[in-house]
Structure formats: structure tokens, C-alpha cells
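Here is the structure we will look at, set down as C-alpha cells.
Just so it is clear, A, B, C, D, E and F label the chains in written order, and each chain counts residues from 1 on its own.
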Amino acid sequence: MFAHNKRLQYTVRVSETNPGLANLMLEQFGGPQGELAAACRYFTQYLAEDDPGRKDMLIDIATEELSHLEVIGTIVAMLNKGCKGQISEGALSEAELYKSINGAGNDSHVTQVLYGGGPALTNSGGVPWTAAYVDTIGDPSCDLRSNIAAEARAKIIYERLMNCTDDAGVKEALGFLMTREISHQQSFEKALYSMQPNFPPGKLPGMKQFSNVYFNMSSGEGDTRGPWNNEPTFEYHEAQPAVDGGSGLPEVHMGAHDSDLVEQLAMRTRSDPQSDPTTGAELGMSQGNGGTAKPKAKTTTPRRPPNG
Amino acid sequence: MFAHNKRLQYTVRVSETNPGLANLMLEQFGGPQGELAAACRYFTQYLAEDDPGRKDMLIDIATEELSHLEVIGTIVAMLNKGCKGQISEGALSEAELYKSINGAGNDSHVTQVLYGGGPALTNSGGVPWTAAYVDTIGDPSCDLRSNIAAEARAKIIYERLMNCTDDAGVKEALGFLMTREISHQQSFEKALYSMQPNFPPGKLPGMKQFSNVYFNMSSGEGDTRGPWNNEPTFEYHEAQPAVDGGSGLPEVHMGAHDSDLVEQLAMRTRSDPQSDPTTGAELGMSQGNGGTAKPKAKTTTPRRPPNG
Amino acid sequence: MFAHNKRLQYTVRVSETNPGLANLMLEQFGGPQGELAAACRYFTQYLAEDDPGRKDMLIDIATEELSHLEVIGTIVAMLNKGCKGQISEGALSEAELYKSINGAGNDSHVTQVLYGGGPALTNSGGVPWTAAYVDTIGDPSCDLRSNIAAEARAKIIYERLMNCTDDAGVKEALGFLMTREISHQQSFEKALYSMQPNFPPGKLPGMKQFSNVYFNMSSGEGDTRGPWNNEPTFEYHEAQPAVDGGSGLPEVHMGAHDSDLVEQLAMRTRSDPQSDPTTGAELGMSQGNGGTAKPKAKTTTPRRPPNG
Amino acid sequence: MFAHNKRLQYTVRVSETNPGLANLMLEQFGGPQGELAAACRYFTQYLAEDDPGRKDMLIDIATEELSHLEVIGTIVAMLNKGCKGQISEGALSEAELYKSINGAGNDSHVTQVLYGGGPALTNSGGVPWTAAYVDTIGDPSCDLRSNIAAEARAKIIYERLMNCTDDAGVKEALGFLMTREISHQQSFEKALYSMQPNFPPGKLPGMKQFSNVYFNMSSGEGDTRGPWNNEPTFEYHEAQPAVDGGSGLPEVHMGAHDSDLVEQLAMRTRSDPQSDPTTGAELGMSQGNGGTAKPKAKTTTPRRPPNG
Amino acid sequence: MFAHNKRLQYTVRVSETNPGLANLMLEQFGGPQGELAAACRYFTQYLAEDDPGRKDMLIDIATEELSHLEVIGTIVAMLNKGCKGQISEGALSEAELYKSINGAGNDSHVTQVLYGGGPALTNSGGVPWTAAYVDTIGDPSCDLRSNIAAEARAKIIYERLMNCTDDAGVKEALGFLMTREISHQQSFEKALYSMQPNFPPGKLPGMKQFSNVYFNMSSGEGDTRGPWNNEPTFEYHEAQPAVDGGSGLPEVHMGAHDSDLVEQLAMRTRSDPQSDPTTGAELGMSQGNGGTAKPKAKTTTPRRPPNG
Amino acid sequence: MFAHNKRLQYTVRVSETNPGLANLMLEQFGGPQGELAAACRYFTQYLAEDDPGRKDMLIDIATEELSHLEVIGTIVAMLNKGCKGQISEGALSEAELYKSINGAGNDSHVTQVLYGGGPALTNSGGVPWTAAYVDTIGDPSCDLRSNIAAEARAKIIYERLMNCTDDAGVKEALGFLMTREISHQQSFEKALYSMQPNFPPGKLPGMKQFSNVYFNMSSGEGDTRGPWNNEPTFEYHEAQPAVDGGSGLPEVHMGAHDSDLVEQLAMRTRSDPQSDPTTGAELGMSQGNGGTAKPKAKTTTPRRPPNG
């Protein structure tokens, strides 16, 4: 069960309202790398986890991320507080309000017109948060790696946001949130490596002949060798089709009735490679409009006259 | 520039058509952990990457993932081939076709009615693929970790799919695809660690006092200690608000005009905690319908008579 | 700041695992009327709210909804627990596992293949949760009405779910969750009516001549009168265009240069109503295939010869 | 069956083209609180409704909302009319056109580049309309409340838009649309209360012991009492887990085979709380980069040597 | 199998970085008419196609579209290259970086804050690409028409983008991409018309009495006649309901038990058209606030007293 | 302005309720090829269209599609009518209701649990309708082609649905709807070709050297020639990079400061191709688990000792 304390985990002190900056901050409120995504990722893992250590860690961190969602959402609310009064009370002239709404040069107009100055669960482009951002799949060796990556990403987005503002209070609170991602990443790393073995994930072994092969699928100037495609880990192979030694062509067995239907479909919809039919595009061509003069000669001998 | 060879990277041999199994396979075609997501993830990183080694590796693997998209999509097409004939030619009785479409007990009806038996870029639940699955953010220490996690997840989904089929050809091709995820994960790991330092990601350091702290946000039976919250990496703290030592309450400065508007808004929309207003719910209550008998007495002294 | 207690708000006792039932339960976990939507609705309102009473109420209820999200998610996890073992350990035969995954006849295959038996933030159809479900707009007279409606909807979905299961423990926990929606609805009703006036919402008055008019836009048998379109509240009018007394046609002023461009565009793309052009469809017609024999005669005198 | 009259329900007179204003107007065309959402909400309810009075009312209002969709869409088209010529004819210099497209400081560039100056079913942030906005669930006591809330929200968005423009014709037409939301809300209110009882929604009663309880889930300065959590409607309780008097812990019964698999899974993926494993993060650390110096000492005694 | 060559299909030469222009270019990278949509459309058709000619053409063009995706993505990457350095290195002052991020007046802030200057699979409004853009349905007479339309649309979006930039290198590369759409459209046209018949699509004929009828559903000034609604192709009919000659009303047969339930539901939720209930809106009205004074008189005779 | 007549355009007679069939029908209600998409496509085009003939045609057909939306939605409602009673009244035993909800083997459980038996704007897979389905771009030569393709697709989906049911009344109404798509396609064809020229779309000509070239991007057995890649329309070229004769490599000019930052970023994040770093994967490997034994030898000479 959750409980709430009306004090934030970290005090938010905003120097002045700034709806454009508020808009950027939404990236960590309702954006893909933001705190709702983090909280949902760990919370859903918690619910299905049975390992006592991971389970406890997951809910500790999920709960902290909810508390961070509150911190970043509070920053957004403070930065928009003036706008909220403006849009609700209609006390500016229309021209001033229009300018206030569009002046930031980003998507803050959505916050104001649609959300009335409140923090909305969108990213800085106005895109609603979606659970498609949550990559939990219910396997700890995967989910912990996903969490490690997610913390790293969140750290960087906070860093970018910090670089965009000189409001000392905002910067300090962002700094706290950024720091906690560093800490959480380390917890998830410890949890991953305290489960041994954790690579390859799952139970089924790979096919030995392909699990340490690197295929050079892109050729040309720029081919580079390094530990990611070198001995001793990898054998370096040039790309080739049908690495199994087969035909590279698909096969399927069907019952006779299905085969007949497939054949019937093929006949009904076959194309005639010998034809040169008049086309709709040709019906719509005009002279001198773009390099398509060639078809004209051909249409003196259409394979089938239109509707004929 | 891409080029294509009509032979698959791995030969696909399907024993018999099976639309229900085809539906499950869509998970790795147009699902969040599938091959389109993988190809898009690495391809977008490739385009913005300047490091020669990573750039080459990213396009090699992106190109291979496109080739895997072709393999899994071919499996789907083969498994649905009979259905495609059935739905296109209308040659079964209506009752048989209805049964064929719904019989698998999963979402294969979408494949047949909407997509005509072809592989669609959806997951096994019929949800269209979205770029929200792609977590590229343009920082190599993050993106490589995201790639490592993505490969791990894809490996597991293939493992689950392999456990669901005894079609030897399908199983073998899935095994190849699964194995390549193991190999790719190792490449991304090598690339990550050949960039030093890679932790913490980015340039800004964390606040020292919070980067190795673990907050015990969830209390009660089940609290567990382990390397993820223990010395030497972590100091273990009980949860507390306002860890900065401040009030935990937000502040913002506004200009006088904005302050006036905010105050005006507050006055206009204030609630009256002393009232006990009659509500719409009370207008709609009836006797004996669910534990809501209490309000009745109260309404003899409404704070404001309805419309009075 | 949030904190968590490892005990649930209501004890969950599940009689036996049942992945099909788990799938239905997802409706209240990650569905549009579910607990995540509720928590997010009230939490975002809380962040921007300044009225002390509403602010406190919103966070109390938001926190409880998070706790309900935990209860319903726990039900899902328990119902799927057997499946989680099956899909992870691969210990059934392929045919048995395939049957286990598809047997429920609903979308539980997504839970198992993609989410490994864990509760995912989707609805029962596998659609990922989206913040598009959250209708907060930052005005209390609206948001409270939205909350009232949302609680009513959630109550009904729980009622439907209760009707679908005879697992006593599941039913009891669902009953608790359903009951709390009744209670929450009453709180939001009280809050709405303790803010006076609350209708019409906002500040701008309507145009008097149209604010109590009912337009009969649909004619024919079935027209019914009642308080929703009757005196004394409403004047009943038959539908008519241009109720302002104007032309009903749009007008806009443009500068001369823009007008010229618009005219140029119109000329460039004008259609010729006097023509009877041969069309692509006619090029593709065949005899005896579906009631489209008429065009043939016409094409003996095409207005413009193809490409001529 | 629908029919259309080429005159609008309300005459649209736009003073001058203004693509930035057009962009804001999209909020009520393809936005969550806009006219398409309204029309779809009532139309879907109409189709399934059997009560003669509600059924008639729903289609009357649905039809009017479609007519409003036409009015707001016409406003958008008029405001963009100049841009449509510019983008189609390419008659400005590139620099002028670039400026025209980006100058509004909001998302009007999407309207112009992607939609060619036409009204698109997106909100003002460019997000495509989704049926996720439609909260119809097929129960009249819920759907009418949803409709009431939706009308209230739409009224406010129109009010905000009116505050942003001094174009008299646009403002007048918006005023009409806003007014009609007031009228519609009243119809839905009358319809709700002419169905008795309507609270609680549905048939199943709540559990008496929990239907009039208010849980104080958020503690600290700011706790406020009012009719929403006071006697006589509510009993005020402090938050507590396991309000049913049980353990607060989940239980589920599984068959022996499933239990074995779950145990096997747990063993295979258990974490070792006694370990202090070297982690990937530690492999990527460098000196002096952010408060993470501690792990160094530890690694002199790794629990398991890497790959050892 | 795909392979890659490190040289682009067309050389990209960008005069100077320009993040605002980059943002517009995203329309053809991750937008609905862009290259990913094109590649996915043709690739999915390829996988299910059995006609040798179409199959070969589809993969040729799909592969070329992937190569175009690379070209347009490279343009985006080059235009953002300076920004990528700025946002990653944090070397500008905060005010300069904030201005750089928001200065373009479009959605380039998303590219920078969320994607670190890299090309993301979104459109120019920041909306993630979705497979909902792909309209493949598995019938060649439909899919080829969809492809023709898609190529036409892509041609126009490129034309609009070309009109917005005077960067000669960008313009030239866009011109190449635009030209290839013209070529591809012609290929799809030839393929469509080399399959005879191709109209109407599919096998089932239409009902003769309705397949060449045009219904005049919209009346009033502006009714226009032309080949699209004229003889010889069409009979022009005024709109009328129940064109089948029936009642125009729906019917369904239900078993007795279902009928009883439906009747029970109707009774439980019936509205009372004779009532004039007090409503929630009336509880919230105040004097002098917007044309809603009428209800007051009525409430002296409520049909049912509140809670009475 | 729209008006409504309570009689349907075509009488709907359903033999018996059938929720599974209802689920399939949703494809044409809220699916990508369904009637809402059609109505929205033509209606948005109508609003921005200035050509009198096309404008009239577009609103005639848009209005008819709305009327078709009503017909298909009514079919869904009738087919679900029994279920609606069941789910609302809770009068079946739980086991019976559970079976009724899941028995169809498709997504009808969503209709019942979430939508209460009413028609919802989703496709048959439960995916909410999105305006991403609407491909209007505001150019008539494109939009008409999109409309032609859309009508063709809708025709086929109706054909597939007709093949799935032997309910005579449903089949007849579907037949009417299917037929009208044939008619509409012909109208759009006539409108397209009555605008001359209509190919290539737009104003800008293509580059002559590339507008009639076909690139053979896919090699291998299966290369096929036909009118889509043959003389006289096309020159057939083998794929080659840098068809412009340049380097095929991208270039961009940056200012000195930006160049410095980019260089700084490159140095900070460079990978070391000479290293063979120990990786996280190696920390997690165990013996005998899947073809990854090779790294062991290497780690005896790590380039950098872990944390050393």
C-alpha cells in the first residue's frame, strides 16, 4: 500500500515562471525517459517478482520514482503558475494572451490551451505517455538490463535539461533527480550481477556455430575492426545468404484444398509481364510536365483497348 | 545504400500452415521486442554516430536485423499461406471460414480479415508497431546499454516462441534468430566497454551526497539487504522527505500581475469546507441500494437549498 | 513524497491460477477505466491545484488509487503465476504450452509470450495504456465532473468483472475496489458542490439566445420529448442552418498576394465538369464482373484521348 | 441516415488568415475535448441505446456536434487559406516560405507541410485524434455523467480559445459553439436525473463498511477537512493496510506441477544477497567522475572472478 | 537478405547546420508519407506476394525506399550536427542553449532534448511513427492502388519541403527523392494494369441496382454535376433512407432468456419523460451567470424531492 | 450542417445475436479501412476544397459514409444485444458469463467487459481508431488517388466479412455497403481524370535522368521483367550507390565553435578498437551455457583491469 507525505523528497524553488522551460521539463514527466515510465517499469516488475531481494529493491525504487514524478511535476506546475492564471482568468488582452501562449517557440501552447497550465502526462512535444515505453518482459536478466539502460537514459535527459536553464532552484532539483538515476543504475547493476549466471539470458542455449560470429553486412570504406567483431570473441564473416547451407528459399506444406485455393488466387491475380498496358498515370499526363514523355508512343498499341 | 538478395539469411522450412502459430510469431515481426524495432534502433543510431567503430558495427547489425525481419516475416507468411487462399477465394462455406478465422483462440482473425493473411507490423495482440518502442537518445553510453537490454529481451521472446512449437523447421529458424541476439549482445557489450569511462553516462557529475545512497522507500516484512543496497557501494537510509534539508514545499516567484490573477482564480474557484452541499449523487440515490443511506438526514439542512 | 508498505490495502486470496481471468482483470490495471488512469488523473490535478481542500482530497484519493493499482495488479500476478512458470521454464511439451497460451480464447497469449506472465499496463485487448485516457484540463468545475464520471465508469467495470468469476477471493477483492469507487465518487460530488457557482463552468457567459435551446437535429419516428428538451429549461427548435441569421457560408479576407496564389491554385487544379474522361477503373474493368457495364458506350467518345 | 445542408449551422466570418491561430483552433477539431470526440461519444451511445428518450436525445446532439465539427473545421480552413496557396504554389521565396511556416511559434508547420493547409484531425500539438478519447462504456448512468463532464470540458476549451483572439468573427462563432456546450450539458443532466435511481451506478451494492469511508492516505501539513471527507457522509479513517483484517499478503493455489515450475524458476533466477559482485558499471567507471569512488576497494575481493 | 553499402544512393551536401529545417525534414523520415512507411508498405506486401513479377518489383522498390530513408535521415543528421555537439557538451551558456533549442519556432526542441540531435522516427510534429500508416491489406488490386496513392503523396511532401529551403545541396537531394516517387508511381501503375481485370477489386460482384448510383446526400447551393455523378456512368438520386424498400429500422432475434434480460435492463434504466428533475447543474447555478436563469421557477414543483 | 433521419439508409435484419461475429464487424466500424476513416477522409478534404465539383462530391460521399457508419454500427449493436443484457444484468452464473465472454475465440471480450456490448470505435483486434489512418494531405491529385485506394480496400474487407457469415440479413446489408464502395471508387476516378493533367502530382517536375529509371535493388533468382520495369517506360539499371556521380558520402559545413564541440564530443566518446575489454556479459557468463566459452582465455589479459 502506498502512503503520501505532503513534503516533497526534494524542495523545489523556482525563481520565476517560464512556460517555455516548463514545456521542456515535461520530457521527464510524461516523456519516454521520464519518471512515470520509470515508476511503471519497476512497479510492474515488482508485482510479478518472487525473488525477495529484487522484489524489495524494485518497490523501493518504484516508490522513489513516483516521488520524483511529483518533484518534476511540481517544477512544471510552478513554472506554469502565472500562465494558469492568465489562461483561466482571461485578464490579458487577446493579443497579449496569444503572444504569451505562442511566444516560447515550443509546444507550451498545448499545456496552456488544453491543460490549463497544469502538468500533463505528455513529453515536450505534446505526445501523450504510452505504456509502449515500458519494456518489462518478466525475465530478471532482461528486465534488470532494461532498467540499467533506462536509468542511463534518464540521467542524460536530466543533464540536457540542466544545461538549458540558469534558474538555480530548478537546476538544483534537476541535479538531485539526475543523481538518483546514477544511484539507481548502480543498484540494478548489483542486482543483475548477483544473479549468476545472467548471460545469455534464459534457458535455451544458442546454436554454437552462430553465437560468436560477426557478419559484415555493410561493405565499403569505413569497415572497422574492434573488439566488437574481433577475435577472441568473434569470428568475422562476410555476409552471405542461407548460412544454414540450404536454398535460402521458404517452403511450406499445405493440404490439397488449401493448395488449390492458393493456386486459384494466383491465377486470378496474376500479372502479365508481356503486356504494356495503358495506365491511369498515362491518362493523367500532360506534355512538358516532368520527364514522362516516353509513354506516348507506346499507347498506339495498347495490349487491351480500354474497356474493349 | 541497401541492396537485397532474394535468398534468406536462413532457410525457412514450415511443416504445415498454422494461423494461430503465425499470430504468435508476429510478436517478433511487429512487436516491441521484434526485429523492426531492432533494425530501427540501430539504424537511427548509425545515422547520427561519428565514431568509426561504432558506426560500422551499428549498420552491420541494423542490416542483419532487417534480414531477420525478413526471416520472421517469411515464417508468418508461410504459416498463413493456406488462410490467405481461404479468405481471398471465399471457397469455404461461411461457417467453415468463420471457424477457421476464430479457431486459434488468439488474434489471428485480425491477420485474416484485415491483412488478408499477410504479415502485418503488429504484435501478437494486433497492436500496430510504434516508434515509441525505439529508445535511442543519441548518447553512446546510453544507446549501447539500451541495445544490450534489447538484445537480451529479444533472445527471451524467441525462447518463449520456440517453446510453443514443435514444427521442426520453424523451431530451427527461430533458434538461429535467437542465437544471433546472443551474438549481437556481445558486440554491443564490447563496444560499450571499449569506450572508457562509460559510467556515469554523460558529463555532469552527480551530487556526491546522493549518488551512493539507497532509500528504503517501502517498509514492512520483506525488507531485504543485498549488494544493491549495502556497503560498500551504498549507504542505506530510511525514506525521508526534503532530503535537502529544506521545507519540502514548492516555491515560485511571480510578477504582481500574475500573482493577482492567480489569487483571483483561487477566489473564484475556492471550495467551502464548512458547507454540506446537496450533491448530484444524492439526487440520484434510492433507498436500499448500497450503503449510502447516510446522506438523507443531512439534506434537511442543506447549506444552500437547491436552486434556492 | 510517496512511501510504500509491503502489505496490500486489501488482502488478495486467489483460489487457483487462471490466465484467461487474469486477462480480463487487466481492464482495470492498464485499461481506460482502470486504476492507473484514476491515479494519474487525480495526481496531475493535485500538482496544479491551489485550493487547500481539493488539493488534499486529490492526493488522498490518488494515493489510494495507486494502492488499488497494486491490488488489481497483484490479482493479475497471482492468476498468472502458474503460467509464468510454464512459459519461463519451457517444461511443458510444445503442444501443451501452445494450448495453455491460446486456450483462454482471449488475449492472454500476449501476457504470456510478451510479458512473461507479468501484469502489463494494457487493457484486456492488449492495447497499451495511454495518457489520452486522462481528461484533466486544469479547471476544477470540469475536472471534478470528469472525476465523478470516471468513478462511475470504474464502478461498472468492476461490477462486470465480478459477474464473470466465482473465485471467492478474487470476487471479494474486486468488491472492495468497486466499493471504494462509490465512496470516491461521493467525495468528488461533495467537492464539486462545495464550490459555488460551478455551472456553467468557467467565466464567460453563454449567448442567452442559444444556451437553453434544444435543436431537433434528427427527425422521424422516434422523436421523443422529455425534460432534456422541454420547457421550462429548453425551447425546442427544429434544426435550421445559419441560426445567426447570416448566409451560413464562410468568409475570409486575404491579402492580394495570397488571393492571387489561391486563385492560381484553383485554376491549376480545377476539375472539368463537362468532360467524361476515361478512368483508371475503366482500364481495369472486365465484362460480366459486377454491375459496371455502363461505361463502355461512353468510351467510344472520350473527351480527351489517353495521352493525346 | 445523415443528410447535409451546405449552409453551416452558424456563419463563419474570418477577418484575416492566421495560421498560428488556426493551429490553436485544431484543439476543438481533432483534440481530446473537441467536436469529433463529442460526436463519436454520443453517436456510439445512440447505437446501443434502447430507451426512447435518451436515444432520441443522443442522436440529436451527436448530429449537432457533427455540425459543430464542420463549423470549427471551417474556421481552421479559412484561417489557413492563404497558407494553402503559399505552400501549394511555391510562389514565395524559400526563405519567406520557411518563415511563414515556422513563424507562428507553434505547430502550424505540421498543418502546412503535412496537411497542405487543410484542417487535420489532430490537436494543436499535432497529435492524431484517437478513439481512446471516447469514454463510452454502455451504461447510461455512467455515460451520461461522462457526457456532462465532456460538455463542461469543451466549454472551457472554447473559453480559452476565445480569450486568445480578437478576430470578431472567429470569436462570435466560438461563442456560439461554447454556448451550445452549456445547453447540451443541461440536457444530459436532465436525462441523468430523469433516470432514478442513478447512484450508485449499476446493480451491485457496495460493501457497506467501505462505501462511506474516507482514507487519509496523505499526511502532513495541508490535511484539510470538508464535506468531501466529513460526517455525515463520511467516516474519516487514517490509512492502514489490510483493512479487511487479513495479512495484506497475496495468496494463490497452484497445482503441484505448476508449483514445481515456479520453484524451479525461482531457483534458476535467485539473487545472492551475500555477494558483492563486480558490475558492468564498475567496469565503466573512471576516477574523479562523479561520486562513485567507493566500489574500488571492494573489487579486490570479488565474490566471483570475472568469467572465472 | 539485405546488404548495405556505405555510400549513399545519392550524395548529401548540406551547406550549413539548421535544426529548424532538420525538424521539417523529419516529415519524410518518420512521418506518415515518409520513407519508413513506404519501405514497410512494400516490404510487407513482398513477403506475402506470390506473383513473380509483382514480388520482384516490390522488393526492388522496398529496398530503394530503405536507401531513401538513409538519405533523408542523413540530411537530418547533417542539419542537426552542430546542435548535437551543443546539447551533448553543454558548452554554451544556459541562455544560449535554451535559445538554440527553441529558436526555430517548431518542434526541433524534441530532437535536441529527447533525441540528442539524432534523427528520430517521428514526423515534424514529434509524433512517433506508427504502423497504422501502413495500409497493406493483402490484395494486389488494392495494395497497388494504395501504393500509387502513397507515391503521389510522398512526391508532394517532397515538393513542399523543396519549396522551404534554399540550401542547394539539400534541395538537390530532395529533388532526387521526389523524382524517384514519380518513377515508382509509374511502376505500380503498370503493375496494376497488367493484372486484368482489376476493377472492381476482389471476387464478389456488387448489387447491380446500387453500383452505379450517386446519392445527393448534401443539398443546397453548391450542388454541382460532373462526370463523377452524371450519366453515362451514374444515375443521380436524391438521398433517401431505406433504399432497400424496407422499414429502415433494425431488427434482431434473441432467445427468450436474452430477451428477458434486455427487457429487465430497459426497465431498470428507463428515463421518465414526464419528470422535471432537479439536476446537478441546477445545484451549481448562480444568479446572473450566463443565460441559465430559467430553471429556477420549475424547481418549485420537483417531480421527486431530492432524496425524498 | 448535418441532419439525421431515424431510418437507416439500408434496413438491418439480424437473424440472431452473435458476439463473435459482431467483433469481426468492428473492422468496418472503427478499423483502418472502415467507415469512420472514410467519412473523416472525405470530410476533411471537403472543408479545404475550393473546386465546386469536387467539393460537392466530397460532402455527398462523406455524408453517405457517416450513414454507412450507422448501418455497420447498428449491425454490431444488434449482434451484441443479447450480450448487453447478460453483462449488464449479471443474471447468468459466473461460469456461464465467463464462457459467453470468451467463447468466440476473438476479441469480443473487450466489447463486453469494457464497452458493455455497445459498438466501440476499435477494429476487430480492439485497437482504438486513430486519425493516423486518414491520409488526406490537401492536394487533389493525391487525395483522389488516396480515396480510390481506400474505396478499393474497403470493398475487399466487406467481401471478406460477407464470406464469414451466413446470416442472410447481415450479408445483405454488407453487400449494400460493399457495393457503394464500388460506386464511390468510380466517382473518385472520374473526378481525378476530369482534372488534367494530374500526373505527376504537383508543380515541380522531376529530374529527367531519374524519373523513368528502374533500379534493380534486389538480385538473385526471381528477377522478373515486365511493363513495370521495361521499355518503353523505363530504363532498367542495376543498383549502384551515388548515382549523382559524387562520393556518396555526406558533408556539412559548421561554424568553428560547433566544429570544436563536435570534435570534443567525438573525443569524449571515442571507442578504442585496440582494446579487448572485459564486459558485463562476461561477468554474467557461466560454463556450459550456450556457445560462449571463448572469452575466457582472453580475460587473462584484460586491457584494463576492472576498476583498476
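Throughout what follows, contacts are C-beta pairs under 8 Å (C-beta built on N, C-alpha and C of every residue); 3 or more make two chains touch, one makes a residue touch a chain.
On a predicted model such as this, the values are computed, not experimentally measured, just so you know.
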{"item": "Mutual neighbours - chains that touch chain B and chain F alike", "value": "A, C, D, E"}
{"item": "If a chain touches chain A and chain F alike, it appears here", "value": "B, C, D, E"}
{"item": "Cα superposition angle of chain C on its copy chain D, in degrees to the nearest 5", "value": "180"}
{"item": "Repeat of the B-F interface, chosen from C-D, A-D or A-F (over half of contact pairs identical by residue number)", "value": "A-D"}
{"item": "Between chain C and chain B, distance of the C-alpha-averaged centres to the nearest whole Å", "value": "20"}
{"item": "Euclidean distance of C-alpha centroids - chain D vs chain F, Å", "value": "23"}
{"item": "Of all residues in chain B, the ones touching two or more other chains", "value": "1-9, 32-33, 52-53, 59-60, 63, 67, 74, 77, 84, 88-90, 104-105, 107, 114, 116, 122, 125-128, 130, 132, 137, 139, 141, 148, 156-157, 159, 162, 179, 182, 185-186, 189-194, 196, 199-200, 203-204, 206-207, 211-212, 217-218, 220, 222-227, 233, 239, 241, 248, 262, 265, 268, 271-273, 275-283, 285, 290-292, 295"}
{"item": "Residue ranges of chain C touching chain D (in the complex, touch as defined)", "value": "5-17, 32-33, 52-53, 55-57, 59-61, 63-64, 67, 74-75, 77-79, 81-82, 84-86, 88-89, 91, 130, 132-133, 135, 137, 139, 141-142, 145-146, 148-150, 152-153, 155-157, 159, 162, 169, 172, 175-176, 178-180, 182-183, 185-188, 190-191, 193-194, 199-204, 206-207, 210-218, 222-229, 233-234, 239, 241-244, 246-255, 258-262, 264-265, 268"}
{"item": "Residue ranges of chain C in contact with chain E within the complex", "value": "141, 189, 192-193, 196-200, 204-208, 211-212, 220, 224-227, 230, 232-233, 241, 271-277, 280-286, 289-292, 294-295, 297-298"}
{"item": "Chain A to chain E touching residues, read off their complex", "value": "20-21, 23-24, 27, 31-33, 104-107, 123-127, 156-157, 159-166, 217-223, 239, 241, 248, 262, 265-266, 268-273, 275-282, 290-292, 304"}
{"item": "Chain C residues within the chain B interface of the complex", "value": "1-7, 50-51, 53-54, 87, 90, 92-95, 97-98, 101-105, 107, 109-110, 112-114, 116, 122, 125-128, 139-141, 148, 179, 182, 185-186, 189-196, 203"}
{"item": "Touching residues (chain side chain F, partner chain D) in the complex", "value": "1-9, 30, 36, 40, 43-45, 47-48, 59-60, 62-63, 66-67, 69-70, 73-74, 76-77, 80, 84, 88-90, 114-122, 128-132, 134, 136-139, 203-204, 277-280, 282-283, 285, 295-296, 299, 306-308"}
